[in-house]
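Can you read through this structure? Questions will come right after.
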Amino acid sequence: MSDVIDIEAIKLSNAQIAWRAAQDIEDGAYVNLGIGFPEMVAKFQPKGKQAIFHTENGVLDFGEAPAKGEEDWDCINAGKKAITIKPGTAFFHHADSFAMVRGGHLDVAILGAYQVAQNGDLANWSTGKGGVPAVGGAMDLVHGAKRVAVLTDHCTKKGEPKLLAACTMPLTGVGCVTRIYTSLAVVDVVDGGFVLREKIPAITLEALQAVTGAPLGTEGPVGELICPEELK
Amino acid sequence: MSDVIDIEAIKLSNAQIAWRAAQDIEDGAYVNLGIGFPEMVAKFQPKGKQAIFHTENGVLDFGEAPAKGEEDWDCINAGKKAITIKPGTAFFHHADSFAMVRGGHLDVAILGAYQVAQNGDLANWSTGKGGVPAVGGAMDLVHGAKRVAVLTDHCTKKGEPKLLAACTMPLTGVGCVTRIYTSLAVVDVVDGGFVLREKIPAITLEALQAVTGAPLGTEGPVGELICPEELK
Amino acid sequence: MDKRLTSPAEAVAGIKDGAVVMIGGFGGSGAPIELIHALIDQGAKDLTVINNNAGNGHVGIAALIEQKRVAKMICSFPRSADPVVFTEAYLAGQIELELVPQGTLAERIRAGGAGIPAFYTPTSFGTDLAKGKPVEVFEGRPYVQERWLKADFALIKAEAADPHGNLTYRMAARNFNPIMAMAATTTIVQASRIVPLGGIDPEQVVTPGIFVDHVVEVAKPAQEEELNRAGAVYP
Amino acid sequence: MDKRLTSPAEAVAGIKDGAVVMIGGFGGSGAPIELIHALIDQGAKDLTVINNNAGNGHVGIAALIEQKRVAKMICSFPRSADPVVFTEAYLAGQIELELVPQGTLAERIRAGGAGIPAFYTPTSFGTDLAKGKPVEVFEGRPYVQERWLKADFALIKAEAADPHGNLTYRMAARNFNPIMAMAATTTIVQASRIVPLGGIDPEQVVTPGIFVDHVVEVAKPAQEEELNRAGAVYP
């Protein structure tokens, strides 16, 4: 289990993963951030690159969270957290909101994951273990956005790979993921296989492959995945 | 040909037909009037009965035509005639406008006709003789409205029946017409057949049947179709 | 031609046992709390309720479920900050759940309002939620066939309403309200303000009155999130 | 992140021969005359044009047809007060026509924008316009399957626009403009006024900027009906 212990020590924090994902968002991109962890991406927009955020419940180009006590609960995001308006904000109804999603108008959707398969299959809505099932907008978001990116720990808490040959949990979407930002690497899905784009310097390719459930191909040199230390 | 000549003398004017149709519109009804002759119906709303008019290009509850020279050509109806706004008017886009039509939200659609069949088939968009075909909203209006009424001369200019066993011209819709206001009678379509509700006093049932292309049934007494003389 | 009624109780009086009821709102925003509570008082049961969620805390839809009036929920996300009421009823087998992806839910409702009995979407293809649904390939890509959703009643929260039922909404409280208003046989609206006819700019009407049957003014309406943060329980 | 361009000529520069172009408007209301005339000047040909009509008089779409740039029209009503240009081209076999019922046209465009490849409608069932289209029975009633419509470009006339492309429309000039803005790869807008970001109330935005690529201000735009009543000819 020494590999697992090493990885816990060297892996990126969620904030660092979110920071890395934020670096890929083009100026002017329309972006939907999934509820929870992916919402952190908004904090790390590089200077000079202005993304416009969409939330499923009918708001485009909203502002930051209000100060505590200043919330207007009619002005929330899909995570039911309070947001604010700013110059450029637009409100619209739910069918129009999902026309934006499903009609291919988003440039990027960034989601969390339980599992991602090498063909781009995503499982992120149900562990399949019972309880109350809930899907929200996840199955919609994986279709329509030009890029579907995933933020995830490279392994489960038990040290098992989350990047797999095939998902074992119920699918959210088939062949939908284009890029995975993990706590150890940046991996693309290309023609049914994983292609390693970047890895943290502290891990070897062999060690990374050992905690990945399907072959990590390469195309040209693998970049160094270096994130701000203060986000650790 | 003496029958034809008689009929030309005794038949109702278009204004009288429109007047008769207007009497059946309930207070608060949402109504679409087809381009041309049916538009006259708006003029004859009975006192105390307020209909709300819909036009396909995205206006509900519009006002009367403006005075000549006062037209705003961004404020028109489906016939491209200038209309006005009034308290209660709403503008919306074309898909929403036809959601009203096709979603069953109109109480009455009133259309012109080339031919109506005893099963309610309507032909009113093409004579089938070539030239430039144009359909507009006719095929939409015949579906969705709770009542689909037709205003028409009882016969063609050549004296041929327009109420037929089956349409010979290209159909606008199948089994869609519920009531026909003609220059001689008011006829319902019931279970695949014509039922005579009213006829003008000057014509006998036999003479009326003679200019009708399918059997005119009756259910109970046939009313007298009497319209204001000043509209002749 | 005046759609105004005097109270939420009068507005919901016609809802019968077994009715299918769409209820606007997303979480607490846009939830017509006073209409829902009037429906609880009214007593109708065996309801099928369509909403994005399945109630939060012990007010609104959660209270309706807690009072055992709901036989079935059709929703996308039956979880919330405090989902105990639905969770307990579901795990006890007391309530049926039809889980629908959120965009598909919105589109099915809009289809119900627009007279479209079925449409195709890529959403849910290849997942458990597409099981049993027809699949068709268009331009080389597979799509799932989904059916319209309609309701007997819709309970809607609006900001301003005029006597003909033209409506506006407040901020993100719009959400499902305009499409549900289209998809019900009888649409019942609570509005924070009733304005005279002409009081809403014709270009700013969000829901035209043709989709609305009854309007009741509820000035200063309760906000579900605020009720829950205060620990409110209904009745 | 500023979608403003300086002229109609710059806005339409990227439209290539053979492009599919949606053009907003219903009759003269909402017709983006300056963009259409810039497209005539630009020279692209073999275009497929989607509009409710097929031009009136000798300006706008009629002028585009008269200059022999249009290979095909997709529309519901290719007639107008003065339809001579389209009529002559059609009867001479110089232009193809796909005739679509008006509501089906609107819904096909909206479907294109919403990612719905096909839907069912009762409209046109049993008529010549349904020939060759699949029919399916839902709840005992037959419906025709219709496909989405998309375009390479949409030419849109708006009233106000902000630099991110949020739009409002003037009165009934709204018509097809908002749905066409959704259904094109590149949406080009002429607005009578460009306002600063924040100049449109978030609740009053009709077309959110996500559907818009380029915005150009055309103050005091020409109105097609007025041009035709004055006997205008372009170029």
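When the chains are written out, they are named A, B, C and D in that same order, and each has its own residue count from 1.
Basically, contacts are C-beta pairs under 8 Å (C-beta built on N, C-alpha and C of every residue); 3 or more make two chains touch, one makes a residue touch a chain.
Remember, it's a predicted structure, so these values are computed and weren't measured experimentally.
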Labels of chains that are neighbours to chain B and to chain D: C
Higher-contact pair (C-beta pairs counted), A-C versus B-C: A-C
Centre distance in Å when chain A and chain C are each reduced to the mean of their C-alpha atoms: 30
Between chain A and chain B, centroid-to-centroid distance (C-alpha), Å: 57
Inter-chain centre distance, chain A versus chain D - centres from mean C-alpha coordinates, in Å: 37
Chain B, residues touching no fewer than two other chains: 85, 91-92, 95, 98, 101-102, 143-144
Junction residues of chain C - those touching two or more other chains: 107, 110, 114-116, 121-122, 169-171, 174, 202-203
Set of all touching chain pairs, with the criterion as stated earlier: A-C, A-D, B-C, B-D, C-D
Contacting residues of chain B [partner chain C, same complex]: 27-28, 30, 50, 52, 54, 60-61, 85-92, 95-96, 98-106, 143-144
Contacting residues of chain D [partner chain B, same complex]: 26-30, 52, 76-81, 83, 86-87, 90-91, 97, 99-104, 106-107, 109-110, 121-129, 169-179, 206, 223-226
Touching residues on chain B, where the partner in the complex is chain D: 56-59, 72-76, 78, 80, 85, 91-95, 97-98, 101-102, 121, 126, 131-140, 143-144, 170-174
Chain A-touching residues of chain D, taken from the complex the two chains share: 1, 110, 112-116, 162, 164, 166, 182, 196-200, 202-203, 205, 208-211
Contacting residues of chain C [partner chain D, same complex]: 107, 111, 114-122, 136, 138-139, 141, 143, 147, 168-171, 174, 202-204
